[in-house]
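Dropping the structures in below, format is structure tokens.
In the two complexes below, subunit A is the common chain; its partner is subunit B in one and subunit C in the other.
Up next, the complex of A and B:
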């Protein structure tokens, strides 16, 4: 683990390749690659040039507005921000332990979110690459292409995503910008009609999720040369783990392991996260670089998300997902799997677990209870942590005696994976970049590496008329010698 | 039973002119109610178009997608769209044409006739309000939207298709 390839000694003497996916107007993720005359890669950076500024916007607002406000960060995982903020504010209102109904309703909402996000990522973003290959025709390599070649898979993707969104709607009030969670609990329970409507479909959802695990397992194991090595690098990893070290997306303590699987810390109360994690700022990116204080900046960075979570836990509490976890661990041979493409396999194991948990919760009558709120001794500071679809998400707030927010610190999942994504891109660029021409295949290889982490580089703006991808190859004198764009 | 016409209004109200879709959606809901036309339309507001929106197209006679545009015709364009492959590599959203195509592939049927009303925006920063320019364009587009909603059939909408240049004239006539 190092900063290898991050900074070239004489960048002004190198050719520059820029991969600039302007996929949402404010959310520019850009890859720059500097080459020498022999086409050797000297520097690779994944720039996150979006400045969210949310931590500043929140300051001065009443704390009870925050769980709704922060959802504006993201149109894909607003529930994660909603719940992480609510958990932080539970601490501030003194709600040390929620009522069973409130916690189960929040869990239902969150596992619905996990299901829909993982389904969207797999079926919409990744399955085209996985089913057709990274070099396949770009006009085919999308959900539409999948629908044409594999209509049943495409339809299941639509219905899985739709089901997850329905779980969110009935628990949060709306699919986007719900108001279900409030500091100290929830503001609505489930009606019998809402529960029964979800129960009608949940058995299909579990079955389809199992099929999805088996699909990605088959794809992965049939081509181990690619899937076990593409963009591979070793790193530490971190996640929440629940009771008994179970996989838990909603609550638990922080656990970190090194690249060999040895514990770095365990059982850490996340209210004290800043004793264990620090954030580095670098001049070329708005996104910060977190690291474990005990290991320092150079060696302390880590991965979060499905690959970290599934390997960090002791077991999974639901039977089908636990069976699949064991299959994955056996395949990895008892040591941590570091291949970025293994994210997809673990992501589908998590989707299956989410489906199973939703099924269990729907049979729990606590969901119908109106005992939803808890109050306690008011505090001035609180931290909320949740395992969002893309990884560990921190929300940390301080309030004053007038109930106004005075400080907010957010470490979002993609920020936790920042260094890891940079490493993946470096390895792919060094392996696949040849010649003076930027090919569509090369671009997609780099995108595949980034995409494995399911990054959310921007949050929920898009518009018609945008140019999704522009690529420029510039020589040492700054002259454009080749360009490629997708419009 | 589904309303015969579905209108998707897409955008994030917290990001400057990306709010054009949601703002127009709010105004349209009030206007439809006042005009006694609400039963004929279902309005769906969302951050982004996604694969599950194909399910909202089921059983419709007509569909409209309202969105902000970047470097698109000003003040607005109104166009017929057809199913087409979408560009989907690192984002989590689909263009309207791709939603129609996913409908065709998953439903094994043609989607309803569909149109986009695209109002050009200028600023899309987080926390920014609508620009004055966008508000003006939105006002102009609403005139066309009223005409469209009074005549909700494909032939009438086809006759009202306007290009960027014509959009100015139509806005002035409204």
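Up next, the complex of A and C:
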């Protein structure tokens, strides 16, 4: 593992090419590439350029507001933040174990979130690259192009996402930024009518999810030369695993493996995450770089998300997804698959699993129960961890005796993948850009590598940096609203 | 809206937003395909067009202003779009991110990059590639003229659909009772 191409020796002598903004991802980011006169690549960086300041401004707020506030970190996986915060606050209100109804309703909400987010990413954002090729016509590389060329695929994408959003709506009250979970439980159960409405559609949702796995499997295996090597680098990986090492998106213990699949740690209680993970700051990105403390900065970074989860678990509890997991593991030949484009394949296996779990849950009468809350002995500190669509998500809070938040630390999924995404784009730059004239199509190759990780750059921008610059903010009439300068 | 009519160009962007407003736009579900019969997307996180075209009909802005780059993008939208829509609480009043406005920037910086748990090398990012953050989050109407405001966090898909279909039909958009929400 190296930091090749991270920093050029003489940046001032080089030509700068930027991809700004990175598109068909959620949120804001840009890539800068520094080249010499022969088009040799000397430096490539994925920068996270924005700040919104959540960790600081939720301090001083009453803890029960937090699960609603932190959703506004991200509109694509608000449920993940909602539930990670709720899980941390469960600890604080002493709710050691939720009622079966509350836990199942939260799981239903979360698996609905997984389904909608994976569908959105695959169909709305990535499918043009996968179906038309990485340097196809730029005006066609979007969901509109897919709708024209493959109307059935586009329609299923839209309907799969819709179903996931509806699962969220009935459990959380709203499709985006609902209020279903509260510290210690849930604030509503399902009505019979709500459940039956979802049951009507779930069978074809499962079938379409299976088709989606087969679609990406076909795309991947038809061009193994490209898909098995594009943007490849080796790394450790990490995820939560559930009971018996099952794939689990809602709860479990932390497991990490090295690039050969050997365990680094396992069964780790996530309340102690800060004994295992440190974060490094680099001057050129507002997003930090986490790594395993035991391995150090240079060797300790890792990948999270579908590719890590599907290879980290022992098995998947639902039959169709388990079948597909085995197919994937066989294809990889018994060693960990590191190719970033394999994220797409594993993401669809997860979407299928989410659909199957939703089907199981909808047949469980606990969802209709109103036994929703527990309390216990009040604590001052809690950590909540969940597997968000993009990977492991940490929320950590301290509370004072007046119930106000005094400390918040978040490590969001995309932050966990920061170094990995940088490695992937550098690999692509070395392979495709080095010594070539930089074209739009080649630049899209860089974005294809970033998209594989499904980065959520709006989530990643909760932290803030400062710049030695000055700006003036002037209103429509030319009046100065305020100016800012910094030495 | 008959067939040969020219499609309207719609550009969208997320400034200091969470993308939830864009999600709510996609929550029109299958009606997306109906919409696509009448509009084409220009610069948007859903396409690979990186600059707003000079002849855009409608610009939709999610999120407030938190850095110099947001201001630049907003001005570019205003220059190139005939109609500009502020979508959601963040664009209209800064939204939740504006809760940092009572705190000095340096306090936040210090905490996130120096004293937060698990930071191994305290340092404040300062590369010229990173845009200058504003010390407060601002609503977009303070900087450019906005034609329509759709409130909500996020506004519902129904509200967005109503405004867009009104505009497509050449009507003055009207939300009215039931679609006007602020939550």
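Methods note: the second predicted complex is superposed on the first by the 446 of 487 C-alpha atoms of A that agree within 3 Å, B and C clash if a C-alpha of one lies under 4 Å from a C-alpha of the other, contacts with A are read in each partner's own complex, and residues count from 1 in each chain.
Following the convention adopted for this analysis, a contact is a pair of C-beta atoms (placed from the backbone, for glycine too) under 8 Å apart; a residue touches a chain by one contact, two chains touch by 3 or more.
Since the model is a prediction, treat every value here as computed from it, not as a measurement.
By the touch criterion defined above, A:161 lies against subunit B and subunit C together after alignment on the C-alpha atoms of chain A. Looking at the shared chain after the overlay, A:274 reaches subunit C, while subunit B stays out of its contact range. Partner contacting the larger number of subunit A residues, of subunit B and subunit C: C.
By the touch criterion stated above, A:204 is placed in contact with neither subunit B nor subunit C.
When the two structures are aligned on the shared chain, A:323 is found in touch with neither subunit B nor subunit C. With both structures placed on the common chain, the touch criterion links A:123 to subunit B but leaves subunit C unconnected. Applying the stated contact rule after C-alpha superposition, one finds that A:359 touches neither subunit B nor subunit C. In the superposed model, A:451 lies in contact with subunit B only, and not with subunit C.
Legend: residue contacts after superposition of the two complexes on their common chain; A:284 is shown touching subunit C, with no touch to subunit B.
In the superposition on chain A, the residues of subunit A contacted by subunit B and by subunit C overlap at 21, 23-26, 52-54, 57, 72, 75-76, 120, 124-125, 139, 141-144, 147, 154-155, 158, 161-162, 165, 175-176, 444, 447, 456, 463-466, 468-469, 486. Residues 10-15, 18, 46-48, 50-52, 54-55, 67-72, 85-96, 98, 101-102, 105-106, 108, 116, 118, 120-121, 124-127 of subunit B are the ones that touch subunit A when the two sit in their complex.
Of all residues in subunit A, only 21, 23-26, 29, 52-54, 57, 72, 75-76, 120-121, 123-125, 128, 139-145, 147-148, 151, 154-155, 157-158, 161-162, 165, 175-176, 444, 447, 450-451, 455-457, 459-466, 468-469, 486 touch subunit B in the complex they form.
Only residues 19-21, 23-28, 30, 32, 45, 47, 49-57, 69, 71-76, 78, 120, 124-125, 138-139, 141-144, 147, 154-155, 158-159, 161-162, 165, 174-177, 274, 277-286, 288, 290, 297, 396, 407, 409, 444, 447, 456, 458, 463-471, 473-476, 481-482, 484, 486 of subunit A touch subunit C when the two sit together in their complex.
Every residue of subunit C that touches subunit A in the complex is listed here, in rising order: 14, 16-24, 26-27, 29-30, 32-33, 36, 40-41, 44-50, 65-71, 95-97, 99-100, 103, 105-109, 111-113, 116-138, 142-145, 153-154, 157, 183.
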